[in-house]
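The structures considered in this document are given below.
Okay, so chain A shows up in both of these, paired with chain B first and chain C after.
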Partner chain A sequence: MTADAGTYLYVVARDSGAPSPEGLSGVAGAPVRAITRSGLVAYVSTVPLAEFGEEPLQRSMEDLDWLDATARAHHHVVEAVAVAVPAVPVRLVTVYSGDEQVSGLLEERHDDFCQALDRITGRQEWGVKVYADPAEQAEPAAAQESGGAATGPGAAYLRKRQAGLRSREEAWRRASARAERVHDRLASVAVAGRRHRAQDPQLSGRKEWMILNGAYLVDEERRAEFVRTVDELRGEGGELELTGPWAPYSFAALDEGGEP
Partner chain B sequence: MMEPARPAGRAYPSSSGGGREPANLGDILERVLDRGVIIAGDIRVNLLDIELLTIKLRLVVASVDTAKEMGIDWWEHDPWLTGKDRGLEEENRRLRRRLEALEEGRSAPPAIEGHVEEDEDVEPAPRRRAGRRRDDG
Partner chain C sequence: MTYPEPRGAMLAEEGRLPAERVALVDLLDRLLAGGVVVSGDLVLSIADIDLVRISIHALITSIRDDE
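And now, the complex of A and B:
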């Protein structure tokens, strides 16, 4: 690989003969092009290896500003394509040495891509987060305060702390159960559901726990039903946050045999 | 700012809580990094490194003011990454320290036998108490 430029791959779709994206730019501001092969189309752009080579990437992936801009640019291209046609997003910074390698990929993995595309066609991904306020979830610990032999302040303190821990654990259990119910309910309206690791409440500026960070692949026709279900669940308490529709990021894996 | 304009056909449902906020960076990052098709490009970005990125990000984020807006924080309550047991251990340690401090400060009679005994193993209690009384008075 002696060239100083690489081919950055964003997203793969079926080649529907649609014109190449015009005026769409991707990472590093480069214009997005389409590479077609075997009935598939890959959306790519040319990137300088000085920025997207192995070593620079190791460094810049930890540069939050760079990562911010790159992730958004990547996402922008994915969404622009996925909004128009069924499309399978590729992970950030998937870079090939040239267009031929991307063509080769489309040919080699043709069946896998088609399978993934079949899975997401006519469907959209929705994100649902559920927050729970630990204070609301907690059972009052007072009941456990009565009785006990030791009466010193140290013992009282100890008991209080233990009760606090117990009620926190209990709160966590309740929240988990609630998350389970919400997820099951949403998944029943969706083709597939995934639970992702929760985002932390601290940095999001909320003291609530994020008890569910779910992604749901929903048939276009059931979209209204899904949204209605979210609203219903919202009525049952806890805070639900709905985002989407997203490109099917969570359901785009290539090697999956069947439904997740 | 780089959020793509959405065609009307995919407008967000109004029933979902009065409109949708633009995707935050945390939401985008967890998607573009952790999800999507993972295929090896010619440029080898160590997968392990990318997976570790969530942890590394935490270090970066800690010093960044905008962290809150970005909401990059999913690792904090991930038992997998934080280890919930560690929290309990820490809690326990604090509790013991607090207990010791309480005893020392008040030279309390051995009402909390269970825990005083532990201390007495380390150092004979009578002598210590006598010393403390002198200090207090």
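And now, the complex of A and C:
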């Protein structure tokens, strides 16, 4: 491998029964290859460092089209493997200096990868987002009591504004409590639950508050129960959006006491 | 299989969304905050830089440009 190319790593699985990478293409349209070692297989492709080196990447990540294409290409490879066998996805844009380094990784972290694979085997990730309409959550702003003592337009304005802030705080407090309940309930049907940061309204394209952006790792046998629970919670109000099944992105971690 | 409320069940029956139909923002939640982070002989890893912030900035800018 020359110094102007790197090895992009997508996903790791057990070697036995893993699908062939043949015909699969990854980021920048490059063909996907498999590197096998110690009973594990890593799906990789070669990437030019002119595009995936640290400096060009800083710029590329600001380019929505590039980010979109790269994220989807990464996801495509992960999906192709994860639909067939238990698979541990790797974070977007993880680039090694060469195949030998990936091979070394499989050997050195063999036990950690096996543990991570055991954790997600027979399980899938589901996403549940909950939206709340601030207007519905809020009590109608306290009616302006007219004719109160010592009222000028300024005092009336301040009272009204304070009432507005209070009712917004109250609405937020209730929405948070609701999010907590929904999360706990879903997590009780799941092996693990995790809350992602709420999406910016400008990204979700919705004006409602996103009060929960949850990910849940669910046993295959409890899939119907999980879906039913989502529907029950939906009946209790607020809007719930279910996505999935996902490859276990949110629950892929190697034990090193670091990142989740 | 039937469930009292069909929406979620339908989604579950449909199986996985094709990659092009997945919302980018849902994908980025997972690709930038999830996935194994491996340390070692890396040329680079996305974990090194605060790319979540950068990408979100890119998304917002682009959405605003469309309007």
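Methods note: the second predicted complex is superposed on the first by the 241 of 260 C-alpha atoms of A that agree within 3 Å, B and C clash if a C-alpha of one lies under 4 Å from a C-alpha of the other, contacts with A are read in each partner's own complex, and residues count from 1 in each chain.
Keep this in mind: a residue touches a chain if its C-beta (ideal position, glycine included) is under 8 Å from a C-beta of that chain, and two chains touch if they have at least 3 such contacts.
Being a predicted model, the structure only gives us computed values, none of them experimental.
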For this session: Judging by the criteria at the top, classify the pair chain B and chain C on chain A as clash or fit.
Result: clash
Exercise. Looking at the overlay, what does A:Leu165 touch: chain B (first), chain C (second), both, or neither?
Worked result: first
Exercise. So, does A:Gly235 touch the first partner chain B, the second partner chain C, both, or neither?
Worked result: second
For this session: Give one of first, second, both or neither to describe whether A:Ser45 is in contact with chain B, with chain C, with both, or with none.
Result: neither
Exercise. Is A:Tyr157 in contact with chain B, with chain C, with both, or with neither (first, second, both, neither)?
Worked result: first
Problem set entry | chain B versus chain C as contact partner of A:Arg109, first or second or both or neither | both
Seminar exercise, completed: chain A positions within both the chain B interface and the chain C interface are 6, 9, 12, 49, 52-54, 57-58, 61-64, 67-68, 71-72, 74-76, 79, 83, 88-97, 101, 105, 109, 116, 127, 196-197, 199-200, 202-204, 213, 215, 223-224, 227-228, 230-231, 234, 242-246, 249-250, 252-254
Exercise. Given the complex with chain C, which residues does chain A contribute to the contact?
Worked result: 6, 9, 12, 49, 52-54, 57-58, 61-64, 67-68, 71-72, 74-76, 79, 83, 88-97, 101, 104-105, 108-109, 116, 125, 127, 196-197, 199-200, 202-204, 213, 215, 223-224, 227-228, 230-232, 234-235, 242-246, 249-254, 256, 258-259
Problem set entry | chain B residues within the chain A interface of the complex | 2-4, 6-7, 10, 12-13, 15-17, 20-21, 23, 25-39, 41-46, 49-50, 53, 56-57, 60-61, 64, 67-68, 70-78, 80, 88, 91, 95, 98-99, 102-103, 106, 108-109, 111-113, 115
For this session: Would you tell me which residues of chain C are touching chain A in their complex?
Result: 1, 3-5, 7-9, 11-12, 15-17, 19-20, 22-49, 51, 54-64
Exercise. Which of the residues in chain A end up touching chain B in this complex?
Worked result: 1, 6, 9, 12, 49, 52-54, 57-58, 61-64, 67-69, 71-76, 78-80, 83, 88-97, 101, 105, 109, 116, 127, 150-155, 157-158, 161, 165, 196-205, 209-210, 213, 215, 223-224, 227-228, 230-231, 234, 240-246, 249-250, 252-254
